[in-house]
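Each of the next two complexes has subunit A plus one other chain: subunit B in the first, subunit C in the second.
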Partner chain A sequence: MKKTFLLCALFLAFAASVSGQQGLAFAEKPALVTSIGQSADFEMIKVLLSRAKIAFTADPLIKAEGLNASSKTLILVVGASSKGLGAAGISAEDELKRTNALLKKAKELKMSVITLHVGGASRRGAMSDTLIKSCMAASDYAIVVASGDEDGLFTALAAQAKIALTKVERLSSAGAPLAAAFK
Partner chain B sequence: MKGLKRCISIALVALFLAASLGITFAQKAPTVIPEVVSSQGMVASAHPLASQIGLGILKAGGNAVDAVVATAFANSVVEPNANGIGGEGYIVIYLKGENKATSIDYRSRASFNKAAPDERWPAAGHRSVAVPGTVAGLALALEKYGTMSLAQVIAPAIKLAEEGFVVSETLAGVIADNFKRAMPNAYLMSIIAPSGLPLEAGEIYKNPDLAKTLRLIAQEGSDAFYKGEIAKAIAADMKANKGLIDENDLATYKAIEREPASGTYRGYDIVSAPAPVGGFLLIQSLNMLENYNLKFLGFDSAMKLHLFSEVLARAFDDYYDVLGDPDFVDVPMKALTSQGYANAKAASIKLDAMTLKYEKVNPNSEHWSTTHMSVVDKAGNVVALTQTLSSFFGAAVAVPGTGIILNNEMGNFNGKKGSSAYLPGKRMNTTIAPTLIMKDGQSFATLGTPGAMRIIPTLTQIVTNLIDYGMGIQEAIEAPRMYCTYLQGPGKTTIELEGALFPKKTLDDLTLLGYKVKSYDKRDLYFGGVQGIIIKEGKLYGGADPRRDGAVFGY
Partner chain C sequence: MHTRKSVALAAAALLFFCLSVPSLSAQDIRGRYLIQHDYRPSDGLARIGWLSDYYPGLLGTPGDSKVYYFEGSKPGGTLFIGGGTHGNEIAGIMAAVLLIENLKVEAGRVIVVPNMNNSAVSHQEKESLLPSYTTRGPAWISIQSPSGQRFFKYGSRCTNLAHQGVPDPAGGYVHPDSNEAPLPAWEFRNLNRAYPGRIDSGLTQKIAYAVTQVLIREKVDIAFDYHEADAGGRLANMMVANPKNIGTAAAALFDLELDHGLSLKLEPSNMEFRGLSHREWGAGTDAQAFLTETPNPGMVENAPPDVDVVNDPKNPLGSRVAKHIYSTLAVARVYGESNPGRMILMSGLPAYEDLASQGLGPYLR
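Coming up: the complex of A and B.
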């Protein structure tokens, strides 16, 4: 029920943001943004959040035990990078474990969860897709750059999870729906 | 332990049988990119716009050197992550009329200003920058072996920098990956992220300051870069940011013509770039492989991949221990490329067991931001050119007002003592290896790739794909690749490969041999971006790498 409401609300929110009107929003501030897959996309989302003046903290490697009620919304920037994982010294398996534990804790804390996939087709593949599936199943809303959903994976996962999915043409266009999701 | 040995023995028997019964020879599968065939001239580079420019020069009557220099300047604009006039490189040239092979070393060089005794080279920033060689190297090649003026061959690059070009998915991905590294340098950010966010695929990349710089070089020659106002701008930026390079370093930089490294493989002559770069590693690896029947082992068997790991690890011993700047270190190039030396090294290889331990320096100390181009002209002159900034976007430093992105080559010095250690004014090692292959006195191929430590493994695979497995150039380029040069014994040695393109059994067999398998789920630019041309029966066959934005054009 909650997700159906969100679906409608977010559609209206995005429509409103496109038309420049004040829209409905579900996510509360402050947000906590983390990377799921350790790609460089994390840095870009920080820029978008700053531009949208959304209060946030950022920790690409935050673990479940580090999550607390001081953050109201969890933003997951998903997309695997072998280089990023290597630099962080963690395996893909460990990243998946961290993700699942994080999502479980976010649910316990009743946080809203937003998934962002902004790396397009090049940020897809077996490793990314495993992480994407975990994130989408536990999210309330997702924003993706359309070239990352050419095979319809996000569309199918959003339908399965009964959440709203906003597709944008490019990274820079992800700022508007992201801002619109916040109260 | 006994059980493990038994498992390995059984697996090896199975591997042997599989290799005997199911030998895979030439892969005749359709390629992702069609092979290009022509007869007059051909240019293969990492970007279609650069290749087109090179082809235009050939059609306008330029020779292969004119075309490669034009392609290199253009590529410096359109592949700014991988090369540029703030970087360096190496050219290998075969002049058909003179039946002569030569090479030009435009490796970067450490400043004459001494670093701190305990200096550790950073991965980014002004302190990581070495004196760039690209402009000197390209100008020398053109002056000695070209037919056109610098102004003629630079003009297309100036236009590209001024008018801009469409950002590809590949470039957009690299810009995004390096966004954080670039953030401290506001001027670099103004080039690659003018809106504050990285340029995305489909957007226009322009660098009008670089156009001005290139115009100055076109008008005044390489002195504009090394002695004129560009040199002043580089030195001033260095001084303001505690970099080592000063005007004297730039004014005294010289590209050097050197005798190429050479060897043979199964009746073919291999001509590659000599010290202080990695051509001899390719020759030595091929010399070791000549002791084995690769067709018998099969293209994609675990035993073949294991053999390559053993061979490459032995070759790379010399990269760290023997190779160095020939102006500072006695590099016994003839011995390093001799068959006898390779045979002695190969004698300890066992096909049924991994070498227990090799003491190595960190194999990932370099990066994969390099680019390669190959050109053949109608007179039969053949050129292979590889140039680089070291890491993608080099030092992540751009010189204000010039559009020049600087290299981070200093990190390629290795340790405090030995052939590859730092000394003021010295050229550092690298694995780049632009290579020509000849057969019976005729050109057969021009090849090269970026890929840092993957360069030699990749080229070794490409050469054997062509010669042992009889593949065409495009097929050889697209065939799946492996990388392992760092043997630590069973359970501790990682082999990286494009696992999704190998049979699952091969991956399982490698695990049984004791390898930790790191599998990539598609062709990945980590394994390089080969550009190559082969010449057969009067026709040119060009191949470009789908792992990057490679493109071949011929006429």
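Coming up: the complex of A and C.
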């Protein structure tokens, strides 16, 4: 009886993991990762991508004209940092313009777009939310640390854009769903 | 009658003498100004030096402070750890003390200065210009250790006004290399606005100069400055890294989450804001520079005057100390992986979970 129960549980776990991966494995490598809002979360995602062995190039300030077909997937690490924007010498308005132009070009190039928000509640606020809305509207998939979606913003935006949203408890847990998104 | 009057006068003179001599401090035979910290180094200690070994102008001043050296039997890199930049940020001081009392180094070297601004623990004057969080807190904290109750000095954010030697600038403080607007005048006595330091200015600037010399002369690979912040504020639970080593910080924070479930925020130094340790150490020396901030309940804006900075249920001192130490260990490990010849291997420290849950007591000598 115990053995049957264990086998059933194992089968269900396997089936769940396979179906999740099949549903989400849409993105192609290599990826290009950029920062939307110039927070240091960008650095954390570079570590996450390296550890998940996802081939990528990184440019926190890439502009639309720098985007080309050599990258198949655009990863947006979204969340505004006034300190980061200041250090980069760009205004919030300019960052929004860069984001919108980048997303338009990514669509022209038929790139997959994945939004990552890993800074939690402290990486929210008016400046971040404006950028988040732009990113979510043009994404194919989003992964967020759950504390960043306490007010349901990401859930609502994902429903609106009809995209899958995966919530994780911690940044380090974002590696598995992100890796599963790649073919 | 005459004798009685003499005795009374002698007693009064003795009382006046006792009251005028600070109970905390004295000067040693070589003129070193001593604050009597009760730190009991582990058997792994190689030697003790002084900041004045790096800038003799500190000798005999309240800015001089002990430097503890731990050396491994195998070659490797050098890690510098500084606590007590701000005397009221007690977890930084106690993390350094915990290291001094437990550390063994297997490879490389570790240099610990538990009270980088020793003048800041000499006072808690309620200076009217300073924000209340900078001087709030007990004069001492006490911790029960296996050998009995231990006492550690809790101080103020800045150098004692009486020790600085130069008045606070009337128009506000501007770092000599800064183009920014003046900061409040008392920031002239804030060690973490004074780097890389200078010898033709106040005591704070001289201390900063000596610390910078430690990093240069000891060829430090990794330098940590332990701080605390308002428990509910933006800075709490954060690692700040010089941009040149932000990748090391990111990888270390990732490991901290995986290994201990500890999530710290990450920020790069603002290179326009001059005088901060992580900014100036990183730019002016070969060291990879980091600063960690833990949540101190005594630094919350409206904290009561009798706030318990040791046994706070949400942020007990043990967990704050564990965050500093294990952030450092994670950085040292990541650095060693990229620089195999400069590995720093340490042992003798309590497990993160034990330190966070049991507090410092069991791990002090």
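We adopt the following convention: the second predicted complex is superposed on the first by the 159 of 183 C-alpha atoms of A that agree within 3 Å, B and C clash if a C-alpha of one lies under 4 Å from a C-alpha of the other, contacts with A are read in each partner's own complex, and residues count from 1 in each chain.
Just so it is clear, a residue touches a chain if its C-beta (ideal position, glycine included) is under 8 Å from a C-beta of that chain, and two chains touch if they have at least 3 such contacts.
Note that the coordinates shown come from a computational prediction; the quantities given were computed from them, not determined experimentally.
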Subunit B versus subunit C as contact partner of A:Lys107, first or second or both or neither: neither
Partner chain(s) touched by A:Lys63 [first = subunit B, second = subunit C, both, neither]: neither
Partner chain(s) touched by A:Lys162 [first = subunit B, second = subunit C, both, neither]: neither
Partner chain in contact with A:Met127 - subunit B first, subunit C second, else both or neither: first
First, second, both or neither for A:Ser82, with subunit B first and subunit C second: first
First (subunit B), second (subunit C), both or neither touched by A:Lys29: neither
A:Lys183 touches, of subunit B and subunit C: first, second, both or neither? neither
First (subunit B), second (subunit C), both or neither touched by A:Leu171: both
Those residues of subunit A which subunit B touches in one complex and subunit C touches in the other: 40-41, 43-44, 47-48, 51, 81, 83, 119-120, 122, 170-172
For the subunit C and subunit A complex, residues of the former touching the latter: 234, 243, 246-247, 249-251, 253-254, 257-258, 261, 263, 265-268, 270-272
Subunit A - residues contacting subunit B, complex: 39-41, 43-44, 47-48, 51, 81-83, 119-122, 125-127, 147, 170-172
In the complex with subunit A, residue positions of subunit B that touch it: 169-170, 172-173, 176-180, 183, 195-198, 200-202, 500, 520-522, 526
Subunit A residues touching subunit C - in the complex, by the definition given at the top: 40-41, 43-44, 46-48, 51, 81, 83-84, 86-87, 119-120, 122, 170-172
